[in-house]
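There are structures below to look over.
Two complexes follow with chain A in common, the first pairing it with chain B and the second with chain C.
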Partner chain A sequence: MANDLRGFIDSLRASGDLAEINDEVDWNYEIPAYEVLSGRFGGPAFLFNKIKGVPKGPRVLAAPFVGSFYKPHKKAAIALGIDPNLDRTGWNRELGRRMATMMRPVEVSTGSCKEVIKMGKDVNLLEFPFTYHAIGDGGRYIFISATVIKDPDMAWINTGNYAIEVFSRNRLVITPYAHTNFLAIYTNKYELRGKSMPVAVCIGGDPAVTMAAGMILPPGISEYDIAGGIRGTPMELVKAETSDLLVPANAEVVIEGEIRPYERLPEGPKIEVFGFSVGPRQPFFPIRVHCITHRKNPIIWDVHTAMGASAPCLQESLANVAFLGQVKVFGLPFKIGDALAPTRTGATSAVAMYKKKYPEDYPGFMKDVFDKFMGLPGLGGVFAKEAFVDDDVNILDMADFYDALFTQVNPAKDIQKTNRMTVMTIESSWMEEWDRDKYVGPGGILGPKQIYDATTKEEPPQGVRRLSFETIYPEHVQKWVVENWQRLGFEEEPRWNKPYLDAKF
Partner chain B sequence: MGVNYWLYKLDVEGKTDAIDRGEAVEIEMMDQTDKLWKRARVQVLRQPAEGSTPVGLLGPFGEPHDEGRYHVKVVEMLPETDDD
Partner chain C sequence: MAKRYRIFIPEKGAEKLNEMRGRATSDVVIDEDTQEQFEAQILISAEAEEGYDELVIQERGGYLPGKWYVKIVEREEEDEGITVFESMKLGDRRGYMLRSMMAEDKEQEKKEAMTTELEKRWKQKRELVDKVLEKKQKD
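Our next item is the complex of A and B:
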């Protein structure tokens, strides 16, 4: 099957994970509502073939990455041709292995994204069924794309996935968060130099590109290279019509435009991947759209941010693996790569798995670890709450994590509150209205963080043994129980943490 | 009740004095049909009047409320910021 959105749809159909809907549906609430319900049970993706008020042509793929609590990566695995039955440990290991084998993209002369080209006055974003996701949203949003920009001083092409409001027929408003490479490139290398920045918002194409775009990566690494790695073949790129940007040749839609220095338009409020609405309506970066190219009868894919829907499932499937690179590059003393796991509905929380030593390397070592963690824009800069747990906790299983949090944290000593640091805009929801103007800026705010030390401590009770299946039974007994589990008639898959605890990522 | 437009609550609060004096104000209104914001010069009224339409308020974190508390009478729809 083709490595593009249509190939992905074929794969979903073949695996029984697609519902094709020929009844007319509305972009206003109805399409996203299907995704939210599907997210409650790890249900299907939907291909909507007839959209109310939209001339025949564009279709919508909704819920493309809806997954289950223990397998949020299922459809992402289908998209990449990876076994969707892998558990989270297996998925993380396989994705991490593929990410490590980056492949540079190749430039081709043309591609299916150029089947229709509209320039200037012919541009009309409202011809596409971008959806309205929830009561109270400040507009229609594109929540899944690969937005391409370029560092003007080097060959680094940056690709990211941001919430983008459809502002008018030829304006988008894009909302990169404070930790993003997008913001660093734009503000430092375009806006401060008084230059416009070319932008291409790419919808569809190889899901690998969009998945890579959703990862937080260190500066200088191109998501196109990561996409080639996780797909196992180089991405094919084609030059945009109005700039030198390279875009996926098989994208469904490419929206080309520019961001002009110091130009702002109001954006928001909107639903977010953290599981609730964020605001306020505030100035963000408008994209002046000059050109739209697309395939014939393009398919727009659409994701929702509610619990269990595509956006949080993608976050959980990709983020912790992507953090592996930073953990390794910066030499953090974490046991293994998937040391961070956003909780189900909160990318504002992170868990670092830390192999505690007794005694610590030196007094204050743990605090130094915190500080280093906080100093990394791609790690500490993102999260509002961070927790450190011992390495016998399976942080991919929130039950394990909460057990550590509730049994190992002394509220009097083990919760730290930092001074104000740059964090995501999300925190503005928790900020008093009268303080908002003082601390909120495009892409982030200054706010305090909370850090929970949920590792076992040196003081009594030292080394409390966790009452988990893996720690209170000999290994041969664990193995015997697991191997006989299904033979004894239990249908549910036994969640044995040993493969996770043994894994070397 | 259904309304055709939402006004952004903080925008309205910032113009309370002018609204209380009965002056026309420039404001953003979110059209509930196409979900786009339109700029207009309007009179914001606390009671319905001839030619006015009821509106709702949109709070800063996505909470629509107080539908029908205000009514607007459009004086002039302002051009979009679309043209270069």
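Our next item is the complex of A and C:
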């Protein structure tokens, strides 16, 4: 099957994870409503073939990454040809292995994304069935894309996935978070120099590109290289029409434009993974759209950010490995594995697993680790609440996690609070305007941040730090019980944390 | 069928609305049919008048109660051309960033010296000559 959106649709169809709908549906609420309901039970993706009020042609793939709590990665695995039955640990390990083998893209002369080319006055974004997701939203949104920009000083192509408001026929408003490489490149290297930045918003193409675009990566790493790694073959790129940006040759739609220095348009409110209709209406970066190239009868994919829908599932599938890649790059002593569960616990919260050493390198070592974590934009600049637990806590098991949180945190010492640090968002959309004025500014969002140190503070007798099946019985006993569990007549599969806790990446 | 538009107002919306009523103001308006947004000169009214369409007013946490109407007096549209960016070879500046930026600055300074600076010096010279001539005439 082809390594593009249509190939992904074929794979979903083959695995029984696609529902094809030929009834007419509306981009206004109806399509996103299907996805939200599907997200409740890890349901199917939908291919809508007939969209109300949209000229014959464009179709919509909704709920492409809907998954379940224990398998949020199921459809992402289908997209990459990985076994969808892998558990989270297996998935993280496989994705991490593939990411480590980056492959540079290749430039080709043309591609299917150039089948139709519209420039200038012929450009009309409203011809495409971009959806209106929820009551109160400021407009229609593109929540899944690979937005391509280039560092003007070096050979670094940056690709990211941002919430993009469809403002008018020829304007988009893009909303990168404060910690993103996009913002660093744009503000430091274009806006401050008084230069316009060329930008290309790519929809569809190889899902590997969009997945890589959704990862928070250290500066200087191109997501195209990561995409090549996770697909196992180099991405094919083609030059854009109005700039020398390279875009995926097999994209469904490529929207080309520019961001002019110091230009802003009102954006939001919008639904977000961390709450309903997040944020006030605020000024963000408009993209003046000059050209749209697309395949004939393009397919737009659409994701929703409600709990269990595609956006949080995709984030959960990708974030752990991407964050831990950073942890590895910057030498932080965290377990490389399923150490962060960002979305189901609220996107602005994180759980990090600390590889505890006894004795610590020096008194105050842990505080220094937190400070370093906080100082890295891609880690500390993301979350508003962070909890650190020992690396023998299974953070996917809420009982295990809360046990650590409630038994190891000394409220007098182990909760750190800072009042104003860069965060992805302030969680309450119901914040009063005067507070928003205090925290939300053009440089990003400054918010209060809390850290819970839920690691054990000293080695307990015999090294048994907590009372659990995995810590208080010898391994052969654990194995014996697990293996005999079903033989003894119990129907439910036992959840044994040992393989998860032992996993090394 | 009459059209329906939407605008956003900040908190303390009533004050803002009082300011807006009865006089044309510029605001971003959303067409509820297409969700297209555009800047326009608008008139707001609490009564249905001829030429007015339905208006939804959104503020933090919901919609303003009551019925509102809007008249689009003039839609503000920019007529713009297409920007095509010059091709720059990837990595053109790699390793030479500082050097190339210094060269650019030098070029800029040279340009400045050849235009603004020369003009300034010529003016100063002219003023001096005028002063000397004036003095000579007086003598």
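As a working rule, the second predicted complex is superposed on the first by the 462 of 505 C-alpha atoms of A that agree within 3 Å, B and C clash if a C-alpha of one lies under 4 Å from a C-alpha of the other, contacts with A are read in each partner's own complex, and residues count from 1 in each chain.
The working rule: contacts are C-beta pairs under 8 Å (C-beta built on N, C-alpha and C of every residue); 3 or more make two chains touch, one makes a residue touch a chain.
Here the structure is a predicted model, which is why all the values come from computation and not from measurement.
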Following the superposition defined at the top, how do chain B and chain C come out on chain A, clash or fit? clash
Who does A:P152 touch here: chain B (first), chain C (second), both, or neither? second
When the two structures are overlaid on chain A, which partner does A:I142 contact: first (chain B), second (chain C), both, or neither? neither
Touching partner for A:R281 - first (chain B), second (chain C), both, neither: both
Where does A:I271 make contact in the superposed view: on chain B (first), on chain C (second), on both, or on neither? first
Does chain B (first) or chain C (second) touch A:R169, or do both, or does neither? both
Have a look at where A:Y132 lands relative to chain B and chain C in the superposition and call it first, second, both or neither. both
After lining up the shared chain so the two structures overlap, which partner does A:T242 touch, if you call chain B first and chain C second: first, second, both or neither? second
For A:C291, using the defined touch cut-off, is the partner it touches chain B, chain C, both, or neither? Pick first, second, both or neither. second
Share the list of chain A residues that count as touching for chain B in one structure and for chain C in the other. 28, 126, 132, 136, 138-140, 166-169, 171, 265-266, 280-281, 288, 433
Could you pull out which chain B residues touch chain A in their complex? 8, 10, 28, 30, 34-37, 58-64, 80-82, 84
Over in the complex, which chain A residues touch chain C? Could you list them? 28, 119-120, 126, 132, 136, 138-140, 150, 152-155, 157, 166-169, 171, 196, 198, 242-244, 258, 265-266, 280-281, 288, 290-291, 430, 432-433
Show me the residue ranges of chain A that touch chain B in the complex, using the header's touch definition. 28, 126, 132, 134-140, 166-171, 265-266, 268-271, 277-281, 288, 429, 433
Mind pulling up the chain C residues that touch chain A in the complex? 8, 10-11, 28, 30, 34-38, 58, 60-62, 80-85, 87-88, 90-91, 93-94, 97
